[in-house]
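Take a look at these structures.
Look at the two complexes coming up: chain A is in both, with chain B in one and chain C in the other.
Right, the complex of A and B next:
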């Protein structure tokens, strides 16, 4: 079913169930966002994708990543009001993760060079260690990898992303999808001497060797693949397609 | 980042701007590289294409595989046209006829268009400092016209204009190092990319797009038709090329060298050569000659990385 509405006065069409941000980006409107990824469910954590949506004469400012398209709404993606609100949000995020390149770049676009909220030795920021709690790693681990090695812990200022009991997650396959999707690069993915390491989760896995004797993927990950795809358990030992 | 596999690949953008239905040969890794480049660049892109494989296969009249603005120009001047597009966009934005936003301008050509015919045009565009990306899809000969040698063809490779015979064993010169020529322009970003390492490719393209000023990318692209390799081993060939050191992955960012997928010991070059018909006539002596040169160049590259390291 097609839904018709307007973005910045331009009439657009979308399928029912799509989110406003996906439609806007498809039509070439730029909306900044840190926590949105089309492969996973929207979550609305970073609040950077604020837009103004008018419906039946009522105007409200809301995040557009978790706003489903509706007939007849009018979306405005950029005006002075929106920019001011986004700037505040970005300034708060910058205080959490002052070293994250994506946020610094976004802040510069909005004319922020130093966050007013940044404090030396803030215990909450130290606990988060560059994480902005956007939940992308949690959602990817649950929905795409289907391992669920990560989740949120605690409430209020104790809220953090972590592993069960904050210990080394035994079901993590070290696929690195969390490190790939992280907007602040705070997870730390490295590989040396035949061991793959995910720093933030304190997970280390030895790598299996391919037919040519070069390490290529963690043994545990390969085991997970064979289980999930119903492959023969020696599939990768026989020099299956994974080794190349 | 390269070793991320399987799941991270599902997190790449879903949209394609080089669409299915193009007419590339079976097993073409060049079009795969191009597809990934445009996936990484996204919708706000204008492309200028030199004549070559990628132009022929993507726009047979009256069809097109392109979902972005795309212009086909002569063999040599895709870089000039892209620099014109960039200047025009700048002027329009200054006059307020276009809203100010980031629009990527990309020019691309094959190795013939880059290393032989278009070299001075590219050199000019890089020297003038336009904010654009040039991508060379290097399949090491003029493939779409019938596999004629180019200056990018490797030593002793057999092509239709450098056939291997009893007296002359194929191509007589070593491959022209265009990457180093571009690095010598002191432009902000030069890198080599390989579709067998997709995350590395995507990261480098996004970096090139984010940088202000010209960027040059050199893509390894396997050509089953011209090289006489089996079409199903295209990805394997790309990996072999990196592991044997014949096409190392590296980037030069503001004069600073960084090698990716560093090899502790290079694989024997024979593993790479024996997969292709164009190297079929190789004698042991010829293999040793090429291997020596490859080793020397790889060591030189590692030395350059050491020398330009931060803090040295």
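Right, the complex of A and C next:
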């Protein structure tokens, strides 16, 4: 079913169930986002995708990654009000992750060079280690990789993302998907001396060699793929399932 | 660890993953905490990731992942109790039991816990021992209670 509405006055069409952010981007409108990825369910954590949406004469400011398209809504993706509100959110995020490139860049676009909220030696900020609790790693590991090695832990100012019992997750295949989607690069993906490492989860797996003799991917990851996809057990030849 | 008890609880809910929270509560009621083996068992039987159970267990303050004492001394730290000296009661318990608040004695007899307002402010300060509300508490009274339980349990 097609849904018709407008973005910045431009008539647009979308499929029912799509989110406003995906449609806006398809039509070329720029909206910042940190916790959104089209491959996973929206979570609405970072709040930088604020837009204005009018419906039946009522206007409200809302996040649009978790706003489903509706007939007749009018979306505004940029104005002074929106920018001011996004700037506040970005400044708060910058305080949590002052070293994260994506956030520093976004902050600069919004004219913020240093967060007024930054606290040197703040124990909560230290615990989070640059993580903004966007939950992308959790959602990717659960919904896409289907390993579910990660989740949120605790509540309030003790809220964090991590592995059960804060131990090395034995089910993690070290695929690196979590590190790939992390907007603050705080997970730490490394490959050296034939070992792949995910620092934040304290997971390390040896890399199997590919046909060219070069380290390729963890044997455990390849084994998982062959199992999941029902592939022949020799699918990855040398990197095959010998690990189990 | 009596996993049979855990299995019986899970069976009562027909292995229904949507009953996860209720199952966790029942296991906690039975064992006073969520032993790791129980968490693993629940995860296997319901096909729910351990990461998710751990997430819920750390989100709700009513769950414990470490063994709890047979007697939980819950001190109300709500505003009304606080201004009437609840802090002193916690300190008294900490001294008498030689454990910090939030922890459990090595003999698994006592745990100390703090909560915020249990809705009986007029009786404050309050110490709840295994569901029994003790109002107008003083350090002396709390000490006496602890001694009483200790002797009743055959301890020193």
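Basically, the second predicted complex is superposed on the first by the 229 of 244 C-alpha atoms of A that agree within 3 Å, B and C clash if a C-alpha of one lies under 4 Å from a C-alpha of the other, contacts with A are read in each partner's own complex, and residues count from 1 in each chain.
As a working rule, a residue touches a chain if its C-beta (ideal position, glycine included) is under 8 Å from a C-beta of that chain, and two chains touch if they have at least 3 such contacts.
Treat the numbers as computed from the prediction; the structure is a model and nothing was measured.
A.B. asks: Between chain B (first) and chain C (second), which, if any, makes contact with A:164: first, second, both or neither?
C.D. replies: It touches chain C, and chain B stays clear.
A.B. asks: First (chain B), second (chain C), both or neither: which does A:72 touch?
C.D. replies: In the superposed model, A:72 contacts neither chain B nor chain C.
A.B. asks: Using the superposition on chain A described above, determine whether A:142 touches chain B (first), chain C (second), both, or neither.
C.D. replies: Second partner only.
A.B. asks: Can A:153 be said to touch chain B (first), chain C (second), both, or neither?
C.D. replies: Second partner only, chain C.
A.B. asks: With the two complexes superposed on chain A, say which partner A:194 touches: chain B (first), chain C (second), both, or neither.
C.D. replies: neither
A.B. asks: In the superposed view, which residues of chain A touch chain B and also chain C?
C.D. replies: Common to the two interfaces on chain A: nothing.
A.B. asks: Show which residues of chain C lie in contact with chain A when the two form their complex.
C.D. replies: Contact set of chain C toward chain A: 36, 39, 49-55, 58-59, 61, 65.
A.B. asks: Tell me, which parts of chain A touch chain B in their complex?
C.D. replies: 25-26, 28, 30, 37-39, 140, 144-145, 175-177, 179-181, 189, 191, 196, 212, 214, 216-217, 225, 244
A.B. asks: Tell me, which parts of chain B touch chain A in their complex?
C.D. replies: Going through chain B, the ones touching chain A are 1, 3-8, 10-11, 13-15, 43-44, 101, 199, 235-236, 239, 243, 267.
A.B. asks: Once bound in the complex, which stretches of chain A touch chain C?
C.D. replies: Residues 142, 148-155, 163-165, 169 of chain A touch chain C in their complex.
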